Amino acid sequence: MKELINKLSKDFNITDAVYQRPSLTFVTVPKGVAISLVTDLRDYEGYSHFVMMSCVDWIEEGKFQLLYLLHNPETKTDIGVKTFIDRENAEMASAHHLWKQVWTYQRELKEAFGIDFPGSPRVDEDFVVEGWVEMPHMRRDFDTKEYSENTYFPRPGRETNDPATYMRKKLYPNEPITAKKQDNDK
Amino acid sequence: MINKFLGFEPDKEKLPSLTAKIGDDIDLSSHKYQKIWLGPNHPGVTGNMSVELWVQGNTVVKAKTHVGYLHRGFEKLIERRLFVQGFPTSIRMCVAEPDTNEYLIATCTEQLSGYDKAVPEMAKWLRMLSLEMARLQGLLRGVPGQGGTFALGLGVQWGVYLRDLILDRFEELTGARVYHMYIIPGGVRGLLPDGFKERMEDNLRDIDDFIIRIRRLMFHNSVFKKRAKGLAIVTPEMVDKYGIVGTTARGCGVKRDVRKDDPYLHYEQLDFDPPTDTDGDVYARTWVRWQELIQTVDLIRQIMAKMPDKGDIKTPMPNVLHWKIPKGETYVRLESGRGEYGMYYVTDGSDKPRRVNLRGPSYTHAIALLEDLLVGADVADVHGIMVSLQTCPPEIER
Amino acid sequence: MSEKDMNDKVNEMLQRSETNVKKAEKTFIHPEDEEREVVAPDGSIIKINPIYDYFSNEKPTEEKPCSGVIEKFLNWARAESIWVLGFGTGCGSIEIPPLVTPRFDMFRFGVQMRPTPRQSNAFIISGYLSVKTLKRVIRTYEQMPSPKYILALGSCTINGGMYYDSYSTINRLDKYIPVDVYIAGCMPRPEALLAGFMKLKELIKEGKGEKANEYARNFDEYKANQKKIIKDWNMPDYNW
Amino acid sequence: MPFTAWSKVVKEPVTIKDPLNREAAPRYRGFHDNDVDECIGCGTCEAICENEAIDLVPVDGIETKDGDSGLRPKIDYGRCCWCALCVDICTTNSLRLTNEYKWIDTDPDNFRFVPGVDKKDWYDKKDGWRKPEPNYEFYGLKRVEMGELHPEERDDSFIEMIQGYSKEQAEAEADRCVECGICTATCPAHMGIPEYIKAIRNDDLEEGLRILYDTNPLPEICGRICTHKCETVCTMGHKGDPISIRWLKRYIADQNPSEKYKKILETDKLTKNGKKVAIIGSGPAGLSAAYYLSLLGYDIEIFEKLAEAGGMMRFGIPEYRLPYDQIDKDVNYILSLGVKIHYNTTIGKDITLEKLNEDFDAVFAGTGLHLGRSTRIEGTEHKHVYQSIELLRKITEGEEIHVPEKIVVIGGGNVAMDITRSLARLQKIKYGKVQVTATSLETEEKMPADREEVVEAREEGCVVNPGWSPQRIEIVDGKIKGLHVVQCLSLFDETGNFNPQCNMKNENFFEADMVVESIGQGMDLSYISEPTKEHLEMGPRGRIKVNDYFQTSVGWLFMGGDTIQGPDVIHGIANGHKAAVGIDNFLTKK
C-alpha cells in the first residue's frame, strides 16, 4: 500500500495518508485533484470497484469531507480518497461518468448535505424525503429531535426525576449544596 | 419552465444521459406510451418502494426507482446515540438480514477503539453462527420467493415455514425473533442454550429435504425456466461499471465474496467455495443462491462442530455510559446474503459517532442497475427482476 | 455581546424566519398533476385538472349503524371475514408472511390478505410511518370501503418508538388516522398479531368498530393534522 | 399445483394448533418486570435507554432514604424497542424481561407502566431475559487497586502508606461511575460526587477542585481519612466494589498545586463586609466555618488551644494515614484568605467566652471530643494505663512516650486501630518486633473500625482479637501483667440499650506491660463559663441543643463538629459549612 501511495504522490498532491488497516488506506487530496486521482486509480491501478461515496460534516472547521472509496478486486485492498470542500455553497465536480451508480450517491448527497454536483443527472430530484423545506437533513446543525418534537408532537404526559435532585428535595432541602447544582435548579 | 425549476427534468444539454437512450424522448402525449406505477403498496414489491414505469404495450421502455418510503434517518439518529446504543438502532436498517448491521457497527467501534483484538474466541464463533443463520433465513425466504414472483407460490409456503424454525432457534439464542440485538461492541449477548445444536441439526435436516424439493419444484419447472432464463442478463463487464456485488456478480461468473477475499471472524477456518454460474440471468442468480443455501447449511454445521463449548462472551470494556473513541475513520465490510455490505464509520473523539454511512448492495442494484435492466422487460417480470437482484429498500434509504 | 452583534443576530433571526415562512408557502405540484390541455386520441383538445378530475372530492359521510339483530348479524359477518390490505408500511410487515403461511395460518381465523384497498377492510400499519408513506397510507385508507379497521403495530405507532427523534417518521398515528387496536412490541410476534385480530373481532362484534365513522366525523381535524406535516400535498382532500 | 408437492400430503401438518397461547423461548425479551425492593432508583436504565422510554417516578410505599432514591422506572411502550440494555446495565440486577409478549389495547395512552408496581399478569413468569453470563458487564465491577506500601516497608516508619492514584488509575476508577448521584444525599456535606468524578474523567482537575471546594474546604484531609459513608451506598456496591470516591477526591486535591488554588477557586480578592466572627478550635468544623465565612466577607479569628492547627485531624490521626504536610496544605490555603489564628490560646483561661462575644459579632465553637473515656475496670488507675487520644497527641507533638514490649489496646474503633498501629511502629523501631494486641467488645463482623484498617493492622503484625469484654488489669508488684477478659456475647438488649452480656466461663488473658484504653471520647465544655451556661439548653444524651443551623439557644454562639454530630471529619465540615450559612443569616438579619 505504501509503495502505491508513494508512487501516486509523485503525480498527485497527496496531503495526508492514513493506513487504517493493511488493506485500507485513506488519502487526502485537494478538491481539484480528487476526481483525476479517482480516475487514475480506476484506470491504471486496478481500483475498479466503486464501493461508496460519503460525506462527513466537519461543522467546526466549516468543511465537508467527501470520500470516494475504491476497491481493487485483484489485490483485495481499499483506498479512500478524501477531499475537503467548503461548507458554504458546497460544490464538487461530478464523477457520474466514471461509474454508473455514482449519480445516485451524488443525488443523495445533494439532498442530505446540500452539496451541488453540476452536471450530475437527476441531482435535483427528491431522493428519500418528499417536499423537504428545512435545511438539508444530514447537516450537523440540523437538530432532528427538536424538529421531531415541533412537528410530530410526542405523546404528552411524561415526566421524569433526577435521582440526586429528587433525593435532595426529599431529604435535605435546606442544606448547602454545590454552586453548580443551584444554577441547574434555576 | 416549472419542471426545470423544480428539478423534475434535468437539463439535457448539459449532461450526458445515463438512462437508456430510448427513455429520454418519451412523449406521453403521443399516446404510444403509458406510465404506470409499481408500488409502493404492490404485493410483489420487495419491501416498500416503487418503480415508475413507462410502458409500450407490455414492454417497459423506461423505469425510475423511487425510494424513501422507509426512510427513518438512521444515520442521523446514530449520530445522536452513544456507541453502545448504536446496535439496537442499526439493526433495523435492514429487516431481511438484521444481524449484518449489528456486526458492522460492533466491528467498526471495536476497530476504532482498539478492542478488535480483544473480542473473545467464543464470541467470534457465535457471531459467525448468527450471521450464517441470518443468511440462511434470508435465503429460505429469497430462493422460493423468486419462484413466488413467477406465480409459483408453493415454495414460499415451505420456505417461510422453515425460516420460522430458524427464527425459533434465533429466539432461543438471542431472545428475539427478527431483531436479535445479539452482537454488541466487545462480544455477544449470550452463550448457546442447552440442546441448541441438536435442535438446530433437526431443522437443518428439514432444510436439506427442502433444498432437494425446491430444486424439483423450481429449477425443473418449465414455466419457471421459461420465464427466468435469459431475463435481465448481467454481463461480467457490467460488474465493475455498476458496482455489482454478491450473488448477482457471482451469477455472471465474477467470483467475489468478502468471506474469501477479505476474511473476517474465523471464515478462513471454514471450508467453502462460493458458488458461481455463468449465464448472468435471473435463473443463474437464483441457481447460485440455491447452491448458497446448501453451502450455508454446511457452514452452520461446520461452525457448530468447530466452535468451543464454553468461553467468555464479551471483553471487558470501559463504562458504556462514558465510552469515548478517539478520532478516526474506518470502513468494514462483510458478505451478506445480498453481497458486499459495508459501513463507513467516523469518530471525532466524543462519546458519539460523527458519521455512520451504510453501503448496501441494493443501493446500486435497485437504482442504477434495476433502471437499466428493466428497459425492454415485460411488465409481469418487473418484480421477478427486483427479487433476483435482492432488492431491500430499507438499506437504500436507511 | 456588543449591541452591533445583537442587532446582527436579531436581523439574522428575522430573515431566517421570513425565509422559513416563504419556504413553507411554496407549494409542490408535480408536472403530471398540473392543470393543462391535452390532445385526445381523436385529435380534440381537452382541458384537464388531474387532481380534481380523476378523484371524487366529496367529504366522507357518517354511516349510521343498522339497528338490532341486523347490525349484530352484520357485525358477526364483518368480524369473521377480515380482509387485510397487503401493504407493508414498516418493519412489522416481515411478520406477515409467517401469518399467511401454514405455520400460523391466519386463514382459519377468517383473516386473509388482499392486494387492493378496494377489497380490504383492515389495514395493518406495521410500525413506523415516514411522512412519505403516511401520504400513501392516507390515500389508501380513504380508498378502502367502510367499515374499515386499523391495527397499529409496535411502539412506533404509539409514541414514535425508537424513531421518536427522527425528522422523517411520525410519532403518533392516532393524530392522522383513527386506530382500532394497538399491539405492543418491537416488532410484535405473529402470535401477538393474531391476538390483535381476536381483539379486533371482539370489538367489531360489540359494535365498537366504528372508527371509519369517527374519521368522517372529525374529518376536518384529521385533514388539518395531515396537511400540517405533509408538505407535498399534491392530492385532493378526499380521494377514493 | 406442481406434482412434486403431493408427496407432502401424508406428512403431519406443521400448523401450530393454538398459536394464541404459545410460550416464547426462555430467553425471550418480552415485557418488563422489576423487583422494586431490590431496585434503588439509580436511573442508570434511564441513562442507557436510547429511546428515552424510561422515566423515574415516585411510587407509593417506597420511601426515599439513604441509598434509595424512592424513584422507580416507568416504561413507555410507545418508545421501548426491547433491546434489554436496561436489564444488562441494571446496577442491582432488579430489572428483567419476562417472556410474555401479548399486550393489546385500544387506548394508546395505556402503554405506560411502572414494572413491579402496576398490576400486570406476567410478573409470575419465571422465564425471560436476564443479564447474560458469564463476564458480561457494561462497567468495571472491580475497584482499581490502590498502591500501598508493603507491610515490611511501612511497619517501622510513619511515612504515608497509601500512595494515591496515578492519572490512568484515577481515570479508570472514575470511568466506573454511573453518575446516579445516590451518594450525594448520604454524604454529610452533600458533595457533588458525580460531578467531580466526571471532572476526573474529562481530565479537568481545576473544575474538580472547584466542585470540591463548593462543599468541602479540606479535600486533602478528607481524601485520606474520610469515613466515606458515600461508598457504603454506592450503586456499584450492589454488584461489585463501590467506587473509591475517597481516593478520587484525594487525586484531585493532590494533582492541584497549592500555589494555584487561589487562581482556580477565584479567591484572589474577597470583598469584606466588616463583620467579625470568632471561631474556637481549628478542627474540621472550625476550619470549614472559617472558610465559608471568609468567602462571604467576614473577618475571621480562630482561637486554638494547641500549637498547631488541625485539631483532631493532626493530633488524633497518625501520620502514616494523614501526613502533616497535607494538613498544612489545606490549612494554609484557608489561612491565606485572611483568616487569623491565635495558637496556644485556651478559651476560659487566656480569654473568656464573654470577651469574645463583646469583640466579635458571633462565635462558632468547634471544640471536639478531647477527653478520653475510661473502662473504669479494676487497675485503670495504674500509671501505665493510658488513654489513646492522649498518646496520639503526644506522638504528634514528638514527645517521648512509654513503649514497653507488650501492649494491649482496648477498643475496636478506628482510633483504637490508629493507636495500635502507631504503637506497633514504635515497637518495631525500638525492639525490631511487634507485640500489640487489640481487643474489643464487638465481634469481628461488628467492629466499628474500617475493614481495611483491621486487615492492615494484622499485616503489620498486630494481633486483633475481638469479642472480649475486659474484666480487670492484673497488677503484680506495681507492674502491669496483663488484661483479663471474658467472652462477650451481645452488646445490646432487646430494647436497644447498651448492656453487654458475657459468658463468664470463657475467660482469656492478654499479657501486657501497658494497657491503652480507646473506647470513645467525651467533650470538655469547661470553657463555657457560668453566665453563658445558664442560657445554654441541653439536648438528649448530654449534648447541646442546636437548631438546624447549629445555633445554640444563646443566639450568638454557634456550635458544631464532634460535640454535636459525628464523630468524624466530614460531619464537622458539613456542620461548619451550615453554621457559616446560619451565622450569615443571623448577622444579616440582625
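Labels for the chains are A, B, C and D, by order of writing; each one numbers its residues from 1.
In this section, contacts are C-beta pairs under 8 Å (C-beta built on N, C-alpha and C of every residue); 3 or more make two chains touch, one makes a residue touch a chain.
As the structure is a computational prediction, the values presented were derived from the model and not from experiment.
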Given chain A and chain B, the chains that contact each of them: C, D
Reference chain B; chain at largest CA-centroid distance: D
Most central chain, judged by mean C-alpha position against the global CA mean: A
Where chain B and chain D are represented by their mean Cα positions, the distance between them in whole Å: 56
Separation of mean Cα positions, chain C and chain B [Å, integer]: 29
Centre-of-Cα separation between chain C and chain A, whole angstrom: 33
Distance between chain centroids, defined by C-alpha means - chain A, chain D (Å): 48
Residues of chain B touching at least two other chains: 6, 8, 68, 71, 73, 76-77, 80, 88-89, 161, 179
Sequence positions of chain D contacting 2 or more other chains: 14, 24, 50, 76, 78, 81-82, 108
Residues of chain A whose C-beta touches two or more other chains: 128-130, 137, 142, 144-145, 155
Residues on chain A engaged by chain D in the complex (per definition of touch): 155, 157-168, 170-172, 174-181
Contacting residues of chain D [partner chain C, same complex]: 13-16, 19-20, 22, 24, 31, 50-53, 76-82, 101-108, 111
Parts of chain B lying in touch with chain A, wherever the complex brings them together: 6-8, 10, 14-19, 67-68, 71, 73, 75-77, 79-80, 111, 240-243, 256, 261-262, 328-331, 333, 340, 342, 344, 346, 354-355, 357, 359, 363-364, 367-369, 372, 397
Chain C partner contacts - residues on chain B that touch it in the complex: 2-3, 6, 8-9, 29, 31, 35, 40-43, 47-48, 68-73, 76-77, 80, 88-89, 92, 95-96, 141, 156-157, 160-161, 163-164, 167, 177-179, 394
Complex contact set, residues of chain C against chain D: 102-105, 152, 155, 157-162, 164, 172, 174, 179-186, 188-192, 194-196, 198-199, 203, 208
